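Just so it is clear, A, B, C, D and E label the chains in written order, and each chain counts residues from 1 on its own.
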Amino acid sequence: VPTEPRGPLVLAASSLQQPLEELAEQWTAAGNDPPQFSFASSAALARQIENGSAGDIFISADRQWTDYLTKAGNIAPSEVVAIAGNTLVVAAPAGPTPPSLQTLAQANRIVTGDTQAVPLGRYAKEALTAANLWDSTEPKIINAASARGALVKLARGEVDAGILYTSDAQGVETIAATPIPRESHSPIVYMAVKLPASAHPDTDGFLGFIASPEAVKVFDRYGFIRP
Amino acid sequence: MSFDIQITKRLGDCTVECVMQSDAQLVALVGPSGQGKSSVLNCIAGLIRPDSGHIIVGGHTLFDAKRQIDIPTKLRGCGYVFQENRLFPHLTVEQNLRYGDNRNSEPAQHTLAEITDLLNICALLDRKPATLSGGEQRRVAIGRALMSNPSIVLLDEPLTSLDRDRGETILTIVDQLRRETDTPIMYVTHQMAEIERLACPTFTLS
Amino acid sequence: MSFDIQITKRLGDCTVECVMQSDAQLVALVGPSGQGKSSVLNCIAGLIRPDSGHIIVGGHTLFDAKRQIDIPTKLRGCGYVFQENRLFPHLTVEQNLRYGDNRNSEPAQHTLAEITDLLNICALLDRKPATLSGGEQRRVAIGRALMSNPSIVLLDEPLTSLDRDRGETILTIVDQLRRETDTPIMYVTHQMAEIERLACPTFTLS
Amino acid sequence: MTAPLSSAEWEIIALSLQVSIFAIGLALPVAYGIAWLLARRRFPGRFILDGVVHLPLILPPVVTGYVLLLLFGRNGPIGGVLDDVFGISLTFSWLGAALAGAVMALPLMVRAIRLSIEAVDQKLINAAKTLGASRWRAFATITLPLSLPGILAGTVLGFARSIGEFGATITFVSNIAGETRTLPLAIYNALQIPGTDIQVARLAILSVLLSLGALLLSEWLVRRSDRDSAHVV
Amino acid sequence: MTAPLSSAEWEIIALSLQVSIFAIGLALPVAYGIAWLLARRRFPGRFILDGVVHLPLILPPVVTGYVLLLLFGRNGPIGGVLDDVFGISLTFSWLGAALAGAVMALPLMVRAIRLSIEAVDQKLINAAKTLGASRWRAFATITLPLSLPGILAGTVLGFARSIGEFGATITFVSNIAGETRTLPLAIYNALQIPGTDIQVARLAILSVLLSLGALLLSEWLVRRSDRDSAHVV
């Protein structure tokens, strides 16, 4: 079977699927071989890399796994590139009053990512703690398996309020969202790492492309911010 | 009339036909192997639906194609000793014997003790059918049918696998049933000796 | 000596004992129901392992507890007509008949055509056993055993479910087997008439 | 495992058992009924029923969970009624987790039970009818006990499946400690965090032990019911 | 579904079929062997084998995928050998997806087949032996054909399970279009993007159609083999 020429293999967190696919189209349109993607959870991808599966670039929303891999793989911090950032919103089913951290405190059920396992949940916990609301809200928190899972529960009206990524909440008509101050939690940064096993000649080129100013415009359109 | 039967039934390539009218309480049904004797019993028991005709036994119309009568098996009251026993494999001998013993409110014709004693199966009551010899299974099958207070008795070669003494016991039971009740009995066999011993009208399928 | 058997076997609560020494090629085994006749055949076929004793048939030692001999069933060459037929339900009659027909290189004693003709089962060859009448199944079981070029023939009440003519045919076949081959044959029955007809030594289990 | 179980682990085990036992209790009668229909009755829509039963096996578990959310969520057609009329809410409750487990276990149970029902000889049922048994009595005394091997096999499969159920559960009822965080959800949580291999292994071993207990029990039950026919040749 | 299938959808279907058919082809002989051992032989370690076979059912799929990754990854004990000696790499390859599907399908197949083998009457096998059949011939001509209902049921269950397999696959072989992105992984991808409900529904319906095809085929095969005994009373 004649195989088409392929670009680098990019193992990326599922939440970046849309902007990355759009960037890949631009990259291919510019005459490069199309990169291959694998979208899964950061944990799944990190374990595949750790167990010797080949791959060129790892892009994660989860600081823990990036740190873990760079340490285990002896990757210099300079090989880690921040490509995008995100912010949080308080969200609630669309209604007369816009949601806020204060109305959130009155809700019966608050959805967000799992506060231990999912990055969204960990950031949300920091934000709630900073607002002195963690102790009162903790018993009411519904831990979703992913940021996307939290969004679905809120959009379907199963919960009264939630904390979501701005990139997820934007453009969903059934919910209203209010930004949460960035200072109330650690910065949310998506990091790309060139993997030690990478042998693909285009790896550096593609890494450079997704960290470029043109790429920022794409990320921006999907609700992400400059890192 | 005890038996007023006139049926046809197509089975695969062959057609079973039976015409039988008799006032006798006990009749024998004979005929070469594969002629349809078991099929006739199955029709009487309601397990096969004849293509046409009628079945009237002991004055009760069990089936009539024209009049659209077809009494369900469970109401026909047959004590049917199947050619291949059909004991319930998961039940003990005692549970098999008692399976039909509560089907009607009439006083039991036979108690468990009587039947097991007569059939010489007292020692087997707690065993499962799979561990019984061929003749032991046969006797349990006969016991099960008799215990069920039947209003019709259908015996498909009942003496299969039985030695002479035990065969004689069964024949005595049949005789007694004839003398002491008015239950119609149909007896399928290949042995002339049995028919002579029972001295009953014989119908031949052909 | 055709049969030199001396075995004991405990089955549940009862002990089966059989002592038999005979030069006759054909012997009958009789005894009341549940006495152990089928169990003796199973021991000869190698399906039950006796607790003690020996089994020598046609000069071949099939089992000897003391000498630790226990020939596997598949090598004993038995043409065994089981009391309960044991036809293979997923195979056609023809496939059942042919199941054992290639077991040794000796010229076939019977061809399929001969057997089906004799047993009057030509029309059944493509049918599955479940659709056969009791006597039809019996004849197929007999045919299957005979087709397998057996070096020992074991017949457990072979005439069950057969009418007189067909029974007579089977007896003729047995007779012929005795005259034309030296295959040892053990014949279990409850019918004195059959023993008289075959005129063979009779052993009674008790 | 050197350390004894932590109280958090005990809590997870108790919850998993509660959810799975409830799930199987819920699924078993339904599975038996469907298996019986599929084995013994020809009716229009039979093939559709057969297909629908297989859906939770065919669809990725998250999709099944999503469908459950659509149907049984507070705004769903069934969940809305449950909430309004009975005040029962399945989302975010262990009852919902049990429902998810039951739904995921159903196709496995139906198949195993159906195989056993189909193996029951119709001739025995006919014999029971000649002895005066109603359809119902013939079922209860013949079909049901003779299909016991399938019931046991289905229960073991279903229990193991529901002990291991993750995708549908987390999608439908989320991951709430003490309420819906069963063993697989706790394992998933631990897997998301680097350096938790020992914790993952402990929880996985606990899952396995629970299911092996059920397996052992079923094997023992089968052997007990087989005892008598051991010597038939 | 108004629009015909896109070429991307065709690619996903073809890959899913390839993976699942390969998975079942791989699992079926293994499942039959294990089922036969469990049904017919008593040996030390029997219960352990029984337990191990159930593991992929008990453990959450992501754990099974992780264990596969540990064993068959390029640095794993088996994967290392495969890579060094044969140059085969399972991670990131459709072969690995088939392995994951096979492992997940195995317990379902073993159970169904085992039920059917246990229902085969030992008396028939003994009859075959008296007719000179070796153990192997008795197996091939009696046990194997009589356990066909279990083989068919196991194949349907296993095929459906492997068509729906998500957690173990994504964990073991990742999610690469054209190589490991089977239907459930494509559904997962679509679920990550807002406003893709129609796409999700289309893919889910395709999964269902594939499995229903297998189901229909198996029902037809069963009915064909039952034809003769339809009239036995």
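Convention: a residue touches a chain if its C-beta (ideal position, glycine included) is under 8 Å from a C-beta of that chain, and two chains touch if they have at least 3 such contacts.
Composition by chain, UniProt nomenclature: B, C = ATP-binding cassette domain-containing protein; D, E = Molybdenum transport system permease.
Quick caveat, the model's predicted, so the values are computed rather than measured.
K.L.:
By the touch rule set out at the top, what is the minimum number of steps from chain A to chain C?
P.N.:
Counted as steps through touching chains, the separation is 2.
K.L.:
Find the chain most remote from chain D, comparing centres computed as mean CA coordinates.
P.N.:
Farthest chain from chain D, going by C-alpha centroids: C.
K.L.:
Tell me which chain's centre, taken as the mean of its C-alpha atoms, is farthest from chain B.
P.N.:
A
K.L.:
Indicate the whole-number Å distance between the mean C-alpha point of chain B and the mean C-alpha point of chain D.
P.N.:
Their C-alpha centroids are separated by 45 Å.
K.L.:
Taking each chain's centre as the mean of its CA atoms, how far is chain B from chain C in angstrom?
P.N.:
Their C-alpha centroids are separated by 29 Å.
K.L.:
Find the geometric centre of each of chain B and chain E from their Cα atoms only, then give the gap between the two centres in Å, rounded to an integer.
P.N.:
Centres of chain B and chain E (C-alpha means) sit 50 Å apart.
K.L.:
Using the touch definition from the top, which residues of chain A touch two or more other chains?
P.N.:
If we look for residues of chain A contacting two or more partner chains, we find none.
K.L.:
For chain C, jot down the residues that touch at least 2 other chains.
P.N.:
If we look for residues of chain C contacting two or more partner chains, we find 12, 47, 84, 127, 131.
K.L.:
For chain E, what residues touch not just one other chain but two or more?
P.N.:
In chain E, 62, 66, 123, 126, 188, 191, 231-233 touch at least two other chains.
K.L.:
Pairwise, which chains touch?
P.N.:
A-D, A-E, B-C, B-D, B-E, C-D, C-E, D-E
K.L.:
Once bound in the complex, which stretches of chain C touch chain D?
P.N.:
Going by the criterion above, the answer is residues 11-12, 42, 47-48.
K.L.:
Residues of chain B touching chain C in their complex?
P.N.:
Contacts found on chain B: 12-13, 30-34, 36, 38-39, 83-84, 123, 127, 131-136, 138-139, 156-157, 160-167, 190, 192-193.
K.L.:
Quick one: in the complex, what on chain C touches chain E?
P.N.:
Chain C residues touching chain E: 45-47, 72-80, 82, 84, 86, 88-91, 99-100, 103-104, 127-128, 130-131, 144-145, 148.
K.L.:
Can you tell me which positions in chain E touch chain B when the two form their complex?
P.N.:
Those in contact with chain B are residues 231, 233.
K.L.:
Which residues, counting only chain E, touch chain D once they are in their complex?
P.N.:
Result: residues 47, 50-51, 54-55, 57-63, 66, 107-108, 111-112, 114-116, 118-119, 122-123, 126, 149-150, 153, 156-157, 160-161, 163-167, 183-184, 187-188, 191, 200, 204, 207-208, 210-212, 215-216, 219, 232-233 of chain E touch chain D.
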